[in-house]
Amino acid sequence: MDRFGWVPSFGGNISARLDGRSIAITRSGGRKGFLGRDNIIAVDLEGRPLNAGDRPSAETLLHCHVYRDLPEVGAVLHGHSVAATVLSRLVTGPAITLAGYEMIKAFEIHHTHDVRVSVPVFENSQDMERLVHDIGPELPRHIPGYILRGHGAYAWGRTVDNAMANLEALEFLLQCELETLKVRGLSAA
Amino acid sequence: MDRFGWVPSFGGNISARLDGRSIAITRSGGRKGFLGRDNIIAVDLEGRPLNAGDRPSAETLLHCHVYRDLPEVGAVLHGHSVAATVLSRLVTGPAITLAGYEMIKAFEIHHTHDVRVSVPVFENSQDMERLVHDIGPELPRHIPGYILRGHGAYAWGRTVDNAMANLEALEFLLQCELETLKVRGLSAA
Amino acid sequence: MDRFGWVPSFGGNISARLDGRSIAITRSGGRKGFLGRDNIIAVDLEGRPLNAGDRPSAETLLHCHVYRDLPEVGAVLHGHSVAATVLSRLVTGPAITLAGYEMIKAFEIHHTHDVRVSVPVFENSQDMERLVHDIGPELPRHIPGYILRGHGAYAWGRTVDNAMANLEALEFLLQCELETLKVRGLSAA
Amino acid sequence: MDRFGWVPSFGGNISARLDGRSIAITRSGGRKGFLGRDNIIAVDLEGRPLNAGDRPSAETLLHCHVYRDLPEVGAVLHGHSVAATVLSRLVTGPAITLAGYEMIKAFEIHHTHDVRVSVPVFENSQDMERLVHDIGPELPRHIPGYILRGHGAYAWGRTVDNAMANLEALEFLLQCELETLKVRGLSAA
């Protein structure tokens, strides 16, 4: 994620399921391209640290939301890309629709490239409980990820490798859409 | 290819001729920037695995098509670049015409930069036998590659190094065309 | 900074506070992606070399200005990015206003993403004393950095890591703004 | 140069002065990001190989032209960047004018950023003797480089490091100009 420029500054967070009741997740702060063991803590599925002294980042709640709702998920990645940030501000509706791309096939869930996929875009907030509420109890089943407007993308998968493959597919598609808008202009969005 | 962002997610595939009757090719799935020996299998020129347990990716048939038609080809590369994906969706015809670029000289086949080159663009499909049929029995002789619309580029060469040089030349030219459209707008396409 | 292309040619300079009276700073010239011990000198807070033979770059005075005005600052980074250079030429006013980006939260000073942040843009000059005068005795408190028009960005922080995080956040936001202008056109600036 | 994508395919060539009568230069073909000793040959200042069996690339004559005309030059770099290629096709005149950029100061020759610099653009040709004739007996003195239209940039300097710094400055400025055209449109060129 660092190599692609998706975790600038202290942005982004990365988690993996430890077992049915806890996850490992990057600590608040720290540059994600330079992670050491000290930058990772364990929390339960409500976001409470297993070691009392640890301070999870606020967005830990969004990760937990995914693990609670989708038992098959083993990893969740959140990055801040230029494409996700810019595109979600340019496109004002509640979703970004993608159609006719082979890359749609890459998402773990789909098995044809014909399908039209809607990537949910939720309004950004600093109130994580409100954000979890806005996202709703059920995460999207048709695509393994969503976007926070002006903020970045979340993606998940059975393993860290699958979550990364899903994030790469999502970011690729967002880049394609942004490049297209640069040629066609916003009226084509 | 990974360094340039041309094999995002589990995308792309890479092959090299073993002998007159078989090729080595990347297995279905797997991130192509992290290939190990286990990610590569051997198939015959009809795409049937030499080891019964191996499962080739569907696109293996497109690689085999090149090796059957062009006996001098030693390697075939297929990547998913943003430029090839976006440009082949913006330009709706059956080819992308390139003219006046020194880089055209880089293709193994041409020896002047004046020539006008047409890169064939075939409609994408999940039905590989149909796609092989659409491409036709004879691959282009004037350029060592083609594009699948909204999907990515294929390129080939006598060696892996030559195939990569041809792919880099093709992707460079597609990037140039896309950058030009961002300035001139689509009416200039 | 080199990895991101922010120190092209002999551009950019990097400093860190040694103590209350002196700083270490990159020497004039030299490619900043290939720094050795010989490329770094020590100067006092007025920019005078501690070792008489050393020749500080002219912009050393801008670094010293930050260390004198902001005692908590431990590091100052100056880079030449394409985004900072181009955007500060396109936007003609005395500031670039950023609003509604989560990344604004990344700056050490802010703790909400709602705030509207103005990044000061000063007119470039080769006369460093005049530039220090134009910037004024008090550096901005609301954002840890500023831009020199057609030249590049300065950013600072308590540590080198914090300064880099602030610079990455600033450059990310400038990239977002530039990408947005490519879609919306300059009238949207 | 490879890291920045300026030597795609078998493109680009790199040379350094050995003494008053000969230079080392990359051989025809070969990927410039993967150079070994075998990829470099020695030629005299007329481009004739010192070892009879070596075959210099056609563009060796352009390198020799620089070394003959400018005795202080120790290295010449030629790359194929997207920015140089696209910009020199968009801007149809005999030069690209750059003004108001701090980066202009980076060129070994200039010592103020106010100056307006014209980068010569020569029409591309496969006939190197004609190209040398078109460039003329005297290379530009006001800027250490030029552009071949639709082809790429040449830059030189006293040392390899200085030549690279000059090339980086030139490519940075061309990128800035191209980014500006993407926002302002071609009528602003």
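A, B, C and D are the chain letters, set down in written order, and residue numbers restart from 1 in every chain.
We take it that a residue touches a chain if its C-beta (ideal position, glycine included) is under 8 Å from a C-beta of that chain, and two chains touch if they have at least 3 such contacts.
Predicted model, so just to flag it, every value in this text is computed and none were measured.
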Legend entry - Same-site or different-site touching of chain B by its copy chain D, using the half cut: different
Legend entry - Rotation, 0 to 180 degrees and nearest 5, that superposes chain A on copy chain B via CA atoms: 90
Inset, instruction - With chain centres taken as the means of their Cα atoms, state the distance from chain A to chain C in Å. - result: 30
Legend entry - chain A and chain D, separation of their C-alpha mean positions in angstrom: 43
Inset, instruction - Scan chain B for residues touching two or more other chains and write them down. - result: 182
Inset, instruction - For this assembly, give the contact graph shape among line, ring, star, complete and other. - result: ring
Inset, instruction - Pull out all the chain pairs that touch, please. - result: A-B, A-C, B-D, C-D
Inset, instruction - Going by the contact rule at the top, pick out the chain C residues touching chain A in the complex. - result: 4, 100-103, 105-106, 112-114, 161, 164-166, 168-169, 171-172, 175-176, 179-180, 182-184
Legend entry - Parts of chain A lying in touch with chain C, wherever the complex brings them together: 5, 8-11, 31, 80, 82-83, 85-86, 89-90, 124, 126, 148, 150-152, 178, 181-182, 185-186
